[in-house]
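Below you'll find the structures, each written out as structure tokens.
Heads up, the next two complexes both have chain A, just with different partners, chain B and then chain C.
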Partner chain A sequence: MHSEVPPAGEGAAGNSATGNAGGAGAPGGAVSVATPPPPGRPGPRAPYRAPTAQLVLTFFLPPNLTPEAVKYDRRYRTLDKYRFISWFLAVPLVFYLLLVAWPFVQAFYYSLTDWSGYGTEFNFIGFGNYTRLWNDSQFWDATRNSLVLLVLAPVITLALGLFFAYMLNAGGRHRKNETVSGVYGSKFYKIVYFFPQVLSVAIIAVIWARAFSPRSGVVNPLLENVGLGGLTQSDWLGKYGLWVTLLVLCWSFVGFYVVLFSASMGSIPKEIYEASLLDGANRSTTFFRITFPLTWDAIKTGWIYMGIQALDAFAIVSIMIPRQGIDVLPTFLYLKAFRDGDAAYATAVGVVLFLLTLTFALIMMRVGRRDRIEF
Partner chain B sequence: MSTTDTADRAESEGTGPARPATDIEEPGKRGRRPREDGGILNVFAHSFLVLWVVMAAAPLLWIVVSAFKTSAEVLSDPFGLPSGLHWANFANAWAEANIGRYAINSLIILSGSLTGTMLLGAMAAYVIARYTFRGNRALHFLFIGGLMFPVFLALVPLFFMMQNLGLLNTRPGLILVYIAYSLPFTIFFLTAFFRTLPSGVHEAAIVDGASHTRTFWQIMMPMAKPGLISIGIFNFLGQWNQFVLPRVLNVGSRDDYVLPQGLAALMVQMGYEGDWGALYAGLTIAMLPVLVVYITFQRQVQAGLTAGALK
Partner chain C sequence: MTSSSHVNRRTLLKRSALAGALTIPGVAALSSCASGGGGGDGDTTGPGEVTDSNPFGVADDGDIEVVIFDGGFGDEYARDTARIFEENYGSVKLDSTQEISQLMQPRLVGGTPPDMINNSGANQMPHPALIRDNQIADLTELFDAPSWDDPSVPVRDTLVPGTIEAGQYGSEAVYHLNYAFTVHGTWYSRKFLNEVMEEEYPQTWDEMIRVCEKAKRDHDVYGWTYAGQHARYLSFTLLPMAVKIGGKQVLEAIDRLDEGAWKQDGVVAAFEAFEEIAARGLLLPGTPGIDHIDSQTEWAQGKALFLPCGSWVENESKEVIPDDFDLAVGAPTGLDSSDALPFGTIYAVAGEEFIVPQNAANRAGGMEFLRLMLSKDMARNFTEKLSSLTCVQGAADGVDLPPGLTTAQEAIDAAGENIIAPRFRGWYPELFIDHMGVAMGQMMAGDLTAAQATDRIQQEADKIAANDSVEKFL
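Coming up: the complex of A and B.
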């Protein structure tokens, strides 16, 4: 076991080379008597180099255990930076890769097999699951329902959200020195509208399931009280499950968009409104020519976000709708995977759902493209 | 009449140049319109706004009121007020229907998963936002790429992976999954946030000899506090209200259910027993604390939940 003194100072070019080679070959960085270069020596000198093994070791040690020898190596700064980066990234990355990324990748593979979910045996069957889906009427029903939600829920929710947000921000009477003014109590409205957003979707689903209950619910008596007794139903959730789901979905998200659009409208400079008012614009012109274009970015992201929510709807449907009622794609997937023991088939449904989400997002991004207005 | 009106309006707006402009083209018409418009619209606006307040709050209020009714009252008179305060419902919901236990389960899970999410999310986001290294952009895309995939796609493989790891139906398992699935959005949000922070303070700390870790904890984290609060609220509500993941990964014993699962199960159970009062009491217990916290911190909560969409 040879102990070595790190080469230091000038005239040690050859020495430095040997030192380096020795460091690389030294078993396990057994060097303990590394001395720092004497400071303040004049003249040019080769940079001090710590043994590579120690550098490698340092990478895996916490900073306060860094060997003294390494600290004086000019490469230590880079090493310190990369050590920090990799230490900070390691745990999140491992969790993410293992529990998120890898299952996503696996899903695509499993969808091409006939795996039941029990045991480990399965065969590769190509696009067999997809042809099966193509001929599965239950799947098409679920897809149709999901598509109805995907088209209608964003339109209704965003329209209501925009309407209320505009009313809150510009519906107030004119006050002194203000061209547009919010209604009185707009803060209160926003607080109440936002209620459904902070509640668990499970709570919301239970509440509405109870409200639409034919025996002890409130919807039927309410219809009778306002003279629409003819509209009462004995089985709301079974027969009109899709429309009730749509209602609940919109109900729970309108408040979110009111707050979102309010923030976006609030950031529009008042001068623009003043200018338009001077030019004789009334409120609807102001809305369609000023407010709408300037909130367009928020509307677009909101639209995509709401579409994704509409394609989910899992909790609402699975809690609220009785078994003989409707299915949407996520609930169909759940049943296939965890009730019917058809794991591979279920992942194929998942792939379809993914492609649907992706197509929707891409269409929205293309359709919604406009010149960005900076203000 | 119309002239005074115009003058009045121009004055009230405090914009001098408005006056000549209005005088040139039909002063009367332009002068009066915005006012009437404002008045009518105001009534119109308010009635719709109030209507939606009723829409948003009435179902919740109905639940709270019904929680005090006996089962007979729930069935016979869904709208009426309760004959008396029937506290037994709450006792039933708490003890027999296990709402307390579900709430505690949720709290235990949340204490682990929220801490983990914030810690790991902030660490990864900080490094991605403030350090240049090979693969930085690729890593960023890898993380935020997770936002594109619906969780349902991963559900089946995830279930079997958890089973193989022995983490199915366990608390640590659920905590890890919550953390992993909250990371993409947390990192997406915090990376953007860390990038907006001024670099001068950071550089000053390095010049003063602070280590990377120390800079992170003592300089950058305090500076990122507003962002951390926003995303913290977002994650808290998201994980507290999470339904899909526990529904699939936490199906062992009913005693281990988290609150949303418990409420869904409670509805089924009370449907058999016909004890709707206890269900409503359970919902009230689950609902009120969240609403109270929300009303107290409503500005932060609204900002936190809409923060993602604004970016």
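Coming up: the complex of A and C.
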């Protein structure tokens, strides 16, 4: 994990600069080293200020064309920093605006029309599509299913991922010369857990659909063999589509988080564990007091990523779940756009999905904000 | 739009940064994504001389582009047709794909479609939307043109009845040619039924129940199975049964989305008949959760006696159907002798849609290609190579057909006037797949009674009837 604190020298310089700007009458020692003031400049009590228009202009000019007047402004240092960053980000920013932001704007526009997706003419109908959505029970079913997945899939996947990663890294019995170690064969398990990530999602969906087949699948016989014959179903995917989707989603992503969290846990210094063990901490204490807080950043990132995966789930649901089963928002969108030739309505669903994803990401970033622990 | 973006790019490249240059054509491309193209005019006639053998006036050197759905039928038949076409006219650029919608939608919207599209398969574009947006040419000209084989007979008189109607959407205009003729019904092994069980195909529902119970008791074979995950397959038998019981107006009411159409006596009686199959335990266990391939495999292996399916089953399941199976299709079993229509009433329809885009550069060439496909030689070639009947009358005469298809042909002949083809299947796919199909499956799984299932379908049909954003065709 990287430290966010800048190197000492730079920090000191920054501090003195800020001190200068705010402080009354402090001699401009550090500043004058960086930018020697021109002769005849105003005294230290009235710092020189370049015209705002010039400052703004400078932002868009390459450094060698910076107007002389601006160079001696105190604010030039900050401006230079942000100019440096944004110029380097300019190309990706343009791509982002063009390929991500602009299509979103377009999508919102098309959602206000009655475009079928197959013609060149359409009418502007205001919020008609949204009114239709509000009264469409199929849409609400799909939304409910997507929200259930959004809440449950990250909780289950991340909890399992954390548990497995902890067992693989610090859960084993104590061995000679090792403060903490994983369970026996942890390297092998790591590969096994990661295996679903190697498979294409289409293959995963097909395999699980076979497993749940009431005639040739393995799930029903398995239940019978362990004495739970009463739980067998003649239509798993149709009746319990949501829960099967949840299972497959978690199964296919847990390995990724085991590896992610393992990497994160691997960077926790062994001395911390050592010290806590000397103090008599048991495994659960070590987990909740040391491992969990120190992997929080990875968990937070993982949560958002998994949430977005759960809101998608398109491939799994559309391949695995029959029509009597469930829809999620993306599959509902697909049906409306491509089967029913109702592209504008589908775009309205897309806008709802976009807002949902955005809200989720914002909430997660707020909730997940904690003090970062440096080590 | 293309030329202006080029100018922009050229001038900008000299002066500004790379990012700026990429922006302009990109924005142009995006903003044009739904507003390119334009409507074509009504005149199909090409620049060539109009004669009986060239009714659309295709230029001698007129090139055409056709796109074929590369599904169960492949594209060989189309390549054979293209060869003949090229002998008479210009070259044919033939592409085959399974992703019709993904590849064709942008071209239609952009106003640069190919001259003929085989709009079929899982990724077909919805015809109602294409029609609403004036993207498909009316094929009436094609059907009125002299036929390829005999200029004194128009094309429409060489086709199996029902072919032209299948391409109509509430008006006289015909928007697609349905080329392959499909017979839907109850499929079974004649050898098992006639020789092993020593029974005849049941014609009344009491007979049906008796035969199924006997099969289960004496041979440990269940009566029925179907594609549980696509329960709409049940309608291939159930809908013609409802029509047989109640008469043709039953289906007309359903197609019109009439109030109470699904609560007509014939419909409810047919639903109840199938509910009885499930209730008596004559349905192969696990059927509600299996897909079409599984159901066809289990049935071919002799685990179930009857299967509602279409005539594609012979080709689709040829790997698993035993050589001595003696595949046959039966017309739907009715209730009893009080039924409105005689035994033999069957659901047969031309499928596999071919369209000519309204904005095609060489629309005459696209029509001519279809006219050539409707010649006897080409239709026979299709039947011989693909074991499927076509919409061309008598094209299969003398062709050595496989057993299942032979019985299908016999079934059509026996049905005479009583061939039905539900139109709401193409008009309102949501009703057919999401509501009717699902409700049928839930009834067979025992979750709904026949009355509840028909209630549910009626509710949804009413909703569609009241929904202004769904176009109605009757």
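The rule is short, and it goes like this: the second predicted complex is superposed on the first by the 272 of 375 C-alpha atoms of A that agree within 3 Å, B and C clash if a C-alpha of one lies under 4 Å from a C-alpha of the other, contacts with A are read in each partner's own complex, and residues count from 1 in each chain.
In the analysis below, contacts are C-beta pairs under 8 Å (C-beta built on N, C-alpha and C of every residue); 3 or more make two chains touch, one makes a residue touch a chain.
From a predicted model like this one, the values you see are computed outputs, not experimental measurements.
After superposition onto chain A, partners chain B and chain C are found to clash with each other.
In the superposition on chain A, A:Tyr110 contacts both chain B and chain C.
Of the two partner chains, both chain B and chain C are touched by A:Val91. With both complexes placed on chain A, chain A has more residues touched by B than by the other of chain B and chain C. Once the two complexes are laid over each other on the shared chain, residue contacts for A:Ser200 go to chain B alone; chain C is not touched.
By the document's definition of touching, neither partner reaches A:Trp243: not chain B, not chain C.
Look at A:Trp134: by the touch rule set out above, it reaches neither chain B nor chain C. In the superposed model, A:Pro322 makes contact with chain C only, not with chain B. Looking at the shared chain after the overlay, A:Glu121 reaches chain C, while chain B stays out of its contact range.
Legend: residue contacts after superposition of the two complexes on their common chain; A:Phe338 is shown touching both chain B and chain C. Contact with both chain B and chain C is seen for A:Ser216 once the two complexes are overlaid on the shared chain. Comparing the two interfaces of chain A, the one with chain B and the one with chain C have residues 91, 95, 98-99, 102-103, 106, 110, 117, 215-216, 338 in common. Residues of chain C that touch chain A in their complex: 17-20, 22-23, 26-27, 30-31, 33-39, 101, 105, 108-109, 111, 123, 125-126, 128-130, 132-135, 228-231, 284-291, 294, 298, 429-430, 433-434, 437-438, 441-442, 445, 469. Residue ranges of chain B in contact with chain A, taken from their complex: 12-15, 17-18, 21, 25, 30, 33-35, 37-39, 41-42, 44-46, 48-49, 52-53, 55-57, 59-60, 62-63, 74-75, 78-79, 120-121, 123-124, 126-128, 131, 133, 139, 142-143, 146, 148-150, 152-161, 176-177, 179-181, 183-184, 187, 211-213, 216, 237, 240-241, 243-244, 247-248, 259-261, 263-264, 266-267, 276, 279-280, 283, 286-287, 290-291, 294-295, 298, 301-302, 305-306, 309-310. Across the complex, chain C is touched by residues 90-91, 94-95, 98-99, 102-103, 106, 110, 114-122, 132, 138, 212-216, 220, 233-238, 322-324, 335, 338-342, 345 of chain A.
Chain A makes touch with chain B in their complex at residues 63, 80-82, 84-85, 88-89, 91-93, 95-96, 98-104, 106-107, 110, 117, 160, 163-164, 167-168, 171-174, 176-177, 179, 183, 189-203, 205-211, 215-218, 221, 251, 254-256, 259-260, 263-264, 274, 277-278, 280, 282-283, 298, 301-302, 305, 308, 311-312, 314-315, 318-319, 329-330, 333-334, 337-338, 343, 346-347, 349-351, 353-354, 357-358, 361.
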